[in-house]
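Can you read through this structure? Questions will come right after.
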């Protein structure tokens, strides 16, 4: 699935919910299942320090594809982390760099990416893009 | 709850336009008063009438508006001086807030008293604003920064305080009331102890000023700092009370405008107190708003406020005790209407998010007091903090909402 | 005078409630705009609606009001950044006024750049707020304080400035427009000259910001400071624009609250720009008022304001030239609507007293610029200063009143 | 005449004026005639520095009586100086110490003694009282 397709799929899933409660219950469920990061990566080296909640992000690059694993200490943050990973994981640096996060607006959860939240999520997205940039540079250099 | 209270709560609430609103279609319950209070109509009106009819720059202007403004401003200073029972009006310095007041002290009093090898003493329950300025002063001066330990109840360990005093720090800085734990510190006693060693004491009164009567002369504190916006006044104005003898011997903090007496290329002489510490155009509108807020409080009677908020606090503690897995952070013998807690296994941020959706304006996080979080080994708390317009019904709604949120998150 | 102007002056005046009043039964003529301007209804309304509906403490609060407030506050920062064409929003620091902005610099930039044996350069026409902080910095650091000479026309002596630059001061500080002489200094040229020596330039824009378009990128100034209250905004808010590279390398000025990232007993790490320089609860209401004031100015068009005020200024100069024994203090080639003068043999204070009784709000004295007074060998001046709501009729009334006052005092 | 009598006399004089213009014209006249201080006393030693206008005050004590001479660079200030001298000059320290300046309120010129004026007048009154205090102390010591 392309990044856009995944985004559309998420928007469709969320369109089933009538109210914020169902939406948040779903987020919380997702937060609970979120593919946990290996314990060794839940360390300060991988920490993105939001003031309200913390996020750990681990990234690998293999065969032109980036893999993301992440976690958070707050479950709602983790739910959003889960959505972001679903959208961005397993794509090429180029795809990730051109993608946006408008699906969060569409499902009414944009506020979670606001700089005013300081929950670590905005920094996480920035960090993912930065990795994509670094890996892109690396792969073009390898091909020179 | 329908018993009769000392104050007519509906009449008071009707004076606060901001309380009468809904968020997400739920009636707003505003329990974030430790961060800032809402403003009564008379304070808002005072600001408005200043800007609509009186506005001008004060001091030194010979024209009518400027003269009237100056008189109003200096009357407000007198109102503040009386409110905290300062000996002299010129012991009241207008700043932009508690943080500004304390930074002024860390610079001016710090430069006067703290040198290489000296030390400064604070407590382990300070807000960053009464912690970091002293810490940075110590780094700059190559002095030692000492922190009095707190107990697991969230009280200052007085034996430890005494031990620290024996090391003769040059300055002691203490919160009157902790913005996380709600602890009312025994400052009169702590000041007396410090004075035995002739050490001046700075009190951070940000969380106390709106909730109990402050008498700086009977406390005998050397400095007392607070913010207008936490006592029903507009943002952008704070107060630093200081004993005349200290203020006179301190060098100014900022330079320019009214605080100058004579200026030549070679040197500058400074104006007398309080102007010496008030550089630049003052925030006249907000100062007059602060005066109105004080009158508002005095009309109700600060003792009545204290009693009422005390009842609210006890009721809230009782209702919170119903909730399983709820752990109070701080359980001091003397406490004010600031209550922090955590729910086992649930992150404060998650709870805060859900509570928000339920119309509850409460605070989550470290409350700018990370040393307290370190002590209790937690990332943050949920905090509710009361003002005189809060009600028992609101506490009931809050507890219902909290139960719902916990259910969602368990 | 009834010709057609670029702006509809009656429509504009109707938006300023404070203009519509009498003092001593005479219609108020408010010519003290250099000290502070009156506020349009939309600014007053913005303050009011903030306190009536939106008030809360911002940043870090998870609840609705706090989130909305934070968004509004950061949008206001963007409005200010666009207004002065800053490259980044985080180059805009909210302070309490020009004096606060410059004191921040004298401390943080001063500590970074100025050491024993260095020097700092200002000009002989600075307001005390852009003079004394640098002078005191030099005293503290054992550095030399240099003052560029001014000419008898009231202009900066550029040859003398060049000579001073060759001594390589660490910082240059210049008023954009003099608050006494009305001189519009050639700052673009002066900045370019200083940059040849890689010296950062601080511009005091207090008297310029409401009167002409400011583009910090095309000026290439390193810092630009101004006050809200001189540009139709509430008191208690000012701005410091600084180039990112400087702001990043400077240490914070005040500590506490939002500007902190991690705090332990041993050390503190600071938040990123702009928060690093904004300790304590910000004056949100006033910042939103500043945003409204900018919108108000932009609706009229700052170029229109400039043209109109320029016509007022020329008309006033012409009318003043009718008056015998009137001596302008400052007669620069490029000037703004700030006009200082003295009447031979009559003390400015006496004139000010009588003018006040005639309903004229004008300023007398040294205007916090004693070095300028020393240059011209006078105790003070009378000063009139225009805003966009002043009229040609008011200038006529002023001249009539002045003639009457002179007659009384001769 | 006692201090109170002089004050009453001044109040009566001013009651003749219908409006502020006449009052100020009178003040200005008085400012022009004011018994000038000898030039040697118009120096920094005798200066009371108001921010708006300057006042010089010279005081002598002779036979239990205080004599004041004063001047100002601003004529309206000088007019008020003149009134203050008329009231206080030639009295004993005790008389001066118990006297007030309510006559200025009564004639509607109280604002000139406001601390917000910074014209040197308030400081001048303070200074006169201070001299009276010093001279009183001196004479009681002499009699011991």
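Going by the order they are written in, the chains are A, B, C and D; count residues from 1 in each one.
Note that in this section a contact is a pair of C-beta atoms (placed from the backbone, for glycine too) under 8 Å apart; a residue touches a chain by one contact, two chains touch by 3 or more.
Keep in mind that what you see is a predicted model, and the values were worked out from it rather than measured.
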Set of chains adjacent to subunit C and to subunit D: B
A-C or A-B, whichever has more C-beta pairs in contact: A-B
Centre distance in Å when subunit B and subunit D are each reduced to the mean of their C-alpha atoms: 46
Length of the line joining the C-alpha centres of subunit B and subunit C, rounded to whole Å: 31
Subunit A and subunit B: spacing of chain centres that average the CA atoms, whole Å: 39
Overlap residues in subunit C, where contacts from two or more other chains coincide: 24, 60, 62, 262, 349, 352-353, 364-365
Multi-partner residues of subunit A (each touching 2 or more other chains): 51-52
Touching residues (chain side subunit B, partner subunit D) in the complex: 58-60, 62, 67, 70-71, 74, 261-262
Residues on subunit B engaged by subunit C in the complex (per definition of touch): 17-18, 21, 23-24, 28, 30, 32, 35-36, 38-39, 43-44, 47-48, 51-57, 60-66, 96-100, 102-103, 106, 127-133, 135-136, 145, 147, 227, 229, 234-237, 253-258, 260, 262-265, 267-268, 279-286, 349, 352-353, 355-356, 360-365, 368, 370-371, 374
Contacting residues of subunit A [partner subunit C, same complex]: 49, 51-52, 111, 114-118
Partner subunit D, residues of subunit C touching it in the complex: 24, 347, 349-350, 352-354, 357, 364-366, 379-380, 408-409
Subunit C partner contacts - residues on subunit D that touch it in the complex: 20-21, 24-25, 28, 51-54, 73-77, 119
